[in-house]
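Chain IDs A, B, C, D, E and F follow the sequence of writing; residue 1 opens each chain.
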Amino acid sequence: MPQPTASDPALATSPVSAATINLLRTAGTATICSQLAKRGLHRTFLFGPRPLRPGERMVGVAFTLRYVPFREDIDPGLAYDNEQSLQRLAIERIGPGEVLVIDARGDISAGTLGNILAARVRARGGAGIVTDGAFRDAAQVAAEPFPTFCQAANARLSSSVHHPVEMQTVIGCGGVMVVPGDLVVGDDDGVVVIPRSIAAEIAEAAAAQEGLEDFLLTQIRAGAPLLGTYPPNAAMVASYERRTRDGDKIA
Amino acid sequence: MPQPTASDPALATSPVSAATINLLRTAGTATICSQLAKRGLHRTFLFGPRPLRPGERMVGVAFTLRYVPFREDIDPGLAYDNEQSLQRLAIERIGPGEVLVIDARGDISAGTLGNILAARVRARGGAGIVTDGAFRDAAQVAAEPFPTFCQAANARLSSSVHHPVEMQTVIGCGGVMVVPGDLVVGDDDGVVVIPRSIAAEIAEAAAAQEGLEDFLLTQIRAGAPLLGTYPPNAAMVASYERRTRDGDKIA
Amino acid sequence: MPQPTASDPALATSPVSAATINLLRTAGTATICSQLAKRGLHRTFLFGPRPLRPGERMVGVAFTLRYVPFREDIDPGLAYDNEQSLQRLAIERIGPGEVLVIDARGDISAGTLGNILAARVRARGGAGIVTDGAFRDAAQVAAEPFPTFCQAANARLSSSVHHPVEMQTVIGCGGVMVVPGDLVVGDDDGVVVIPRSIAAEIAEAAAAQEGLEDFLLTQIRAGAPLLGTYPPNAAMVASYERRTRDGDKIA
Amino acid sequence: MPQPTASDPALATSPVSAATINLLRTAGTATICSQLAKRGLHRTFLFGPRPLRPGERMVGVAFTLRYVPFREDIDPGLAYDNEQSLQRLAIERIGPGEVLVIDARGDISAGTLGNILAARVRARGGAGIVTDGAFRDAAQVAAEPFPTFCQAANARLSSSVHHPVEMQTVIGCGGVMVVPGDLVVGDDDGVVVIPRSIAAEIAEAAAAQEGLEDFLLTQIRAGAPLLGTYPPNAAMVASYERRTRDGDKIA
Amino acid sequence: MPQPTASDPALATSPVSAATINLLRTAGTATICSQLAKRGLHRTFLFGPRPLRPGERMVGVAFTLRYVPFREDIDPGLAYDNEQSLQRLAIERIGPGEVLVIDARGDISAGTLGNILAARVRARGGAGIVTDGAFRDAAQVAAEPFPTFCQAANARLSSSVHHPVEMQTVIGCGGVMVVPGDLVVGDDDGVVVIPRSIAAEIAEAAAAQEGLEDFLLTQIRAGAPLLGTYPPNAAMVASYERRTRDGDKIA
Amino acid sequence: MPQPTASDPALATSPVSAATINLLRTAGTATICSQLAKRGLHRTFLFGPRPLRPGERMVGVAFTLRYVPFREDIDPGLAYDNEQSLQRLAIERIGPGEVLVIDARGDISAGTLGNILAARVRARGGAGIVTDGAFRDAAQVAAEPFPTFCQAANARLSSSVHHPVEMQTVIGCGGVMVVPGDLVVGDDDGVVVIPRSIAAEIAEAAAAQEGLEDFLLTQIRAGAPLLGTYPPNAAMVASYERRTRDGDKIA
């Protein structure tokens, strides 16, 4: 497999189908992690980011932004300049269905952005925002009907701690490599990254697993023992497939 | 006092009365900690576990399960085998009124279990689940009307980090020794462990303290100063006892 | 500027106007941090304390209390003595509009106080409680309609970990110097401290910024780009001022 | 591969040859980690333990001891009883060539043992001591010509924090599963665990790699580029083998 | 026992005899911790501070200094003013045999002082310096034949992070209450605090324990089992006493 | 001041004089931090990296390398490929006087490189290596007469945790922005970064400060009080200048 370089323009070019996006909307991050793990991918779940809006799912394509620590000679003022700041430039390039993923080095001693910038990401059609840093105005950010994930709230200005230095390069976020164009899915457990090249395959497998597990959960709630049910033996799988087929007929 | 060994079968045998369980349902963990501290027990409150369902109380008897880090030569596959995995075997032995307490070494880099296993614990009559690790499917686990306490949500598979190695031995969880058969009580503050040998005594003292403190809180809200009220002087205690007695008469 | 000494009685004497307090009620901590940063103050936002009651704002004057680790020769018993304990004496001196700020060294291995003491602070007219430690009875504390901020819940007795040693001296809390008499403001992002000498100026500037930013947010939600809007150019500011003026006429 | 249970007596029975031990004495932990990683074992290096005696190597067979947090009802006194304490009993069972590996849950708030017990392990022929906790009397422990690895020094009594609960069961130490009978190797980088079943194979491969790398280091120091040298191409390997063969003839 | 207030002038007045100081020079911190624990004092060993000069012992009387986080309005410049800075004033008050103990809140993001100030403490006859923060110029500080204990080295200016606010009040340092006038002892394990009121008693008991343990270590090294030796039975103690008496005669 | 972009080729082009390098060799990092702080630069000292070779100074020009977390689909094998791996390519581009600075996100769960690669950096004339991650073969790395700074030793393969993704872009290391071409200075306190544009000015000021402080230290050791000496008053400065001038004459 080719290794990504930090600014490989080809990375994000293969299209992601609406079907893949829709399937991923039905799959939890735990199920996606299971499917990734079956294929040998164990470092895809971000450590740290939590949903500001529990119960809201996020599915989108990664648009990356990298912060480094600010330094007084480079950042003499406090306000980011809209015409030069990579934070602002990045936000004005985000397209529909994209998730802004900010590498803040896990530093939560200031926000990475606040509610006005979050609103702009949403207005541009963005699918969400993820950072291993913090948000300012966390209550206002959370008030938008828009999925956002961060590690903390912190009212301090982004520019007092962070300096945005690159967009659309390979970053680390929450201990996970994020390549621009990867699929990013979030729910109440947190955020998982799916390599774009296997996104369709993972989406299908995860959606199928969700269907089966909903059925198994019903069995367990009705008193079935784990043995034979979870994981299901052949009879249980057959029972599920019969139910699904009949359900399809009826519905 | 006899020292526990890791697998002493006698530890859990003395019965816990329904009266003790019911009294503990009325007592907060803060009050229980106070009563334990009065008897010289200061290391009984678990550091880390938080309720997935704020507002829901848990009272039960500890059923312990110990995890160690997984190792690739021991855990070649991803899925736990229902017939051999101690995780699955432990869950299938949990009895009514028992709380599954999982020693995950405070490692939250993967779940310790997810919603289907949690549902099975509940279906078997379990009284709750506690871990100093994480849960997967945290939203689904929280959706069950069943008290669960963990340190984090994490969608990664248990088997990618943890290996279950023992059940019903003495463990550490959240910095506290947990002996199989101990009483385990949880509320919004977190989880406290009560040695079984003093559970009845603690339950009675804690319930009594709760009654008195409800009365004192009423006084404080009405403007009483701390001096004389908290802790109460003799007059205040007499006033409480009078109120309680009269209340008994009226009710 | 004069340096504070730990017990300078002059620190808290200049009056804080009701107008300042009221303006601060309309300003978020993020906005206040921005105004403080413009004046060169970057270390004013407390790291750690979170609201027990999301959505509730706090504004008040700092009344400080310092804890050190308890030691068995100094703290032979468990219960604080109302006549000698500085915790109790401090609470009985809190006046209307004051916020109790407890330096617990960030140690969350026990509570700093519980619901009865919190109720007493409220009964005395206190404006809130802040600590970089924990609260006991967190659910009961949260049930009071009263803003409280802490880093964790912990059911263990304060006296098993903490010893109150001073009141109304300069403390550190959440990594920030707090001088008795400072203004203390809290919201969902957390807690910020405003030096008393610039409280009126900050309050005015922050309230004005909030008004402008509400307007800008409306523009952004309506599709305006960041360039020209955030930060606003002259035309945008003029538009806001016109709207505000007209709004004043209409209302 | 069979899964270990916590107290499987068969685990430690296959003999470890003196040849294996001697080869491991020539191999660094970095090289051993490389050989383990080639075979798919990535979680074998302990996170935390550092050598008290830099420059001294340790090779031995794991003898495990598990601590849990002490509790006042179980540990009423301070001194461990030689006839009942598992800490003392474990030390009196350690045999020649064994390394005492103590699971202290990474808790360094007290020692796990001090210089007299360390001296006893040495007197019994033990090959070293490893813990993810602390040692007391660290200077005295370090003064023995005996390899010891811990995460910190701490003068507090073991019994004020730890309760020894099991010996010779599967433990976690420094984030790694340790099975009784595993090989344990330590050097200045820290400590690595080698599953017993592949110890001979790893020992041979690691010793061979060390020989080759010594040769490659000489080339690098003499100015060779990485390309062709590290990793070596066929010509470089041939050159090494020629040198080794000739060296054998000469020596 | 009377509770200390933060600035009780009576605390440090009872004299400490030269005999006590000399006995403490012969006792390790582990032994002192054991003697303190026997008397119910478990929170006396500082968590964090390590010796800059391994192998060098420190014994002295605590002179306390408290730092809080700096704030730009209070600390507008970088350099501490010798005539007003409490850091400088404190150092100029330290007397012979006193140990400067600095409460830096465990914050190691800047030094607490550097080599010139350390040299001044030594020149005034100080017995050492302890902080749970960092030192600047750590190599130069370590070059003085003078015991110093800190948690880290950090080249940043003290005034960029810390503001000295009080001297000779009760502080917390490394998680331990330090009362001015307490005895402070340091060795390679770290630093322990002895309440002044029991310093003489602890010194005698610790010195006696050291003598016995040296004897027991000789027995253990010669092959004695733990049982009967550590802790010693009556015969072993009698043997030690005989040896000591004879040794006195011979020497 | 122009803001750096991540891959601005102009950054490293202004020459650094040998005089600047030589002056920096005489200045400690504490002194350099003081001079940077005087000019408003407070975030230049790396948090975490410690010298593997205490007592050895490092001065050089930053050559940056950025790691992100590895991911199994991108890094299917273990060994880095010399022809494609950015780790190897970077090392083969390092020139005389350059310091390799590796952004490892503070992750010490594996090495960033080992002794053979360190030897190659040295063979190419490199001036040192700095990382906020770990080194493998730490003892062998330390054996080279070559300054190296890291946060820990860890024997695990770099490729099991890290993926090298960029060289010579702006990075964060130890909480500090490092721009390619910055000056990097290390001593026993740790590592400081000096913006290239002010390197000559800082070098001169720091060397001058060192000379004065050596003189002041002599005064302090001889018993001078802080007042008038540190900071020095006019008479003390005059005395130093006289001494320096006379010393120049004599020597």
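The rule is simple: a residue touches a chain if its C-beta (ideal position, glycine included) is under 8 Å from a C-beta of that chain, and two chains touch if they have at least 3 such contacts.
Bear in mind that the values here come from a model prediction, so they are computed numbers and not experimental data.
Chains that touch both chain E and chain F are the following: D. Contact with chain D and chain E alike is made by F. Using the mean of the Cα atoms as each chain's centre, the chain most removed from chain A is E.
Taking the options D-E, A-F or B-D in turn, the interface that duplicates E-F in more than half of its contact pairs by residue number is D-E. Farthest from chain D, judged by the mean position of CA atoms in each chain, is C. Chain C and chain E have centres, each the mean of its CA atoms, that are 36 Å apart.
For the pair chain B and chain E, the distance between C-alpha centroids works out to 40 Å.
Chain centres here are Cα averages; for chain A and chain C they lie 33 Å apart. Those residues of chain C in touch with two or more other chains are numbered 42.
If the chains shown are joined wherever they touch, the resulting network has some other arrangement, not a path, ring, star or complete graph. Chain pairs that touch, as defined above: A-B, A-C, A-F, B-C, B-D, C-E, D-E, D-F, E-F. Looking at the complex, you find that chain F touches chain A at residues 1, 3-7, 40-44, 66-76, 84-86, 105-107, 163, 165-166, 169-172, 175-177, 179, 195, 197-198. Those residues of chain A that touch chain C in the complex are listed here as 78-79, 82-83, 88, 91-92, 109, 111, 114-117, 119-120, 123, 136-140, 142, 153-157, 160.
On the chain E side of its complex with chain D, the touching residues are 28-30, 32-34, 37-38, 42, 45, 47, 50, 54-55, 187-190, 192, 213, 216-217, 220-223, 225-228, 230-231.
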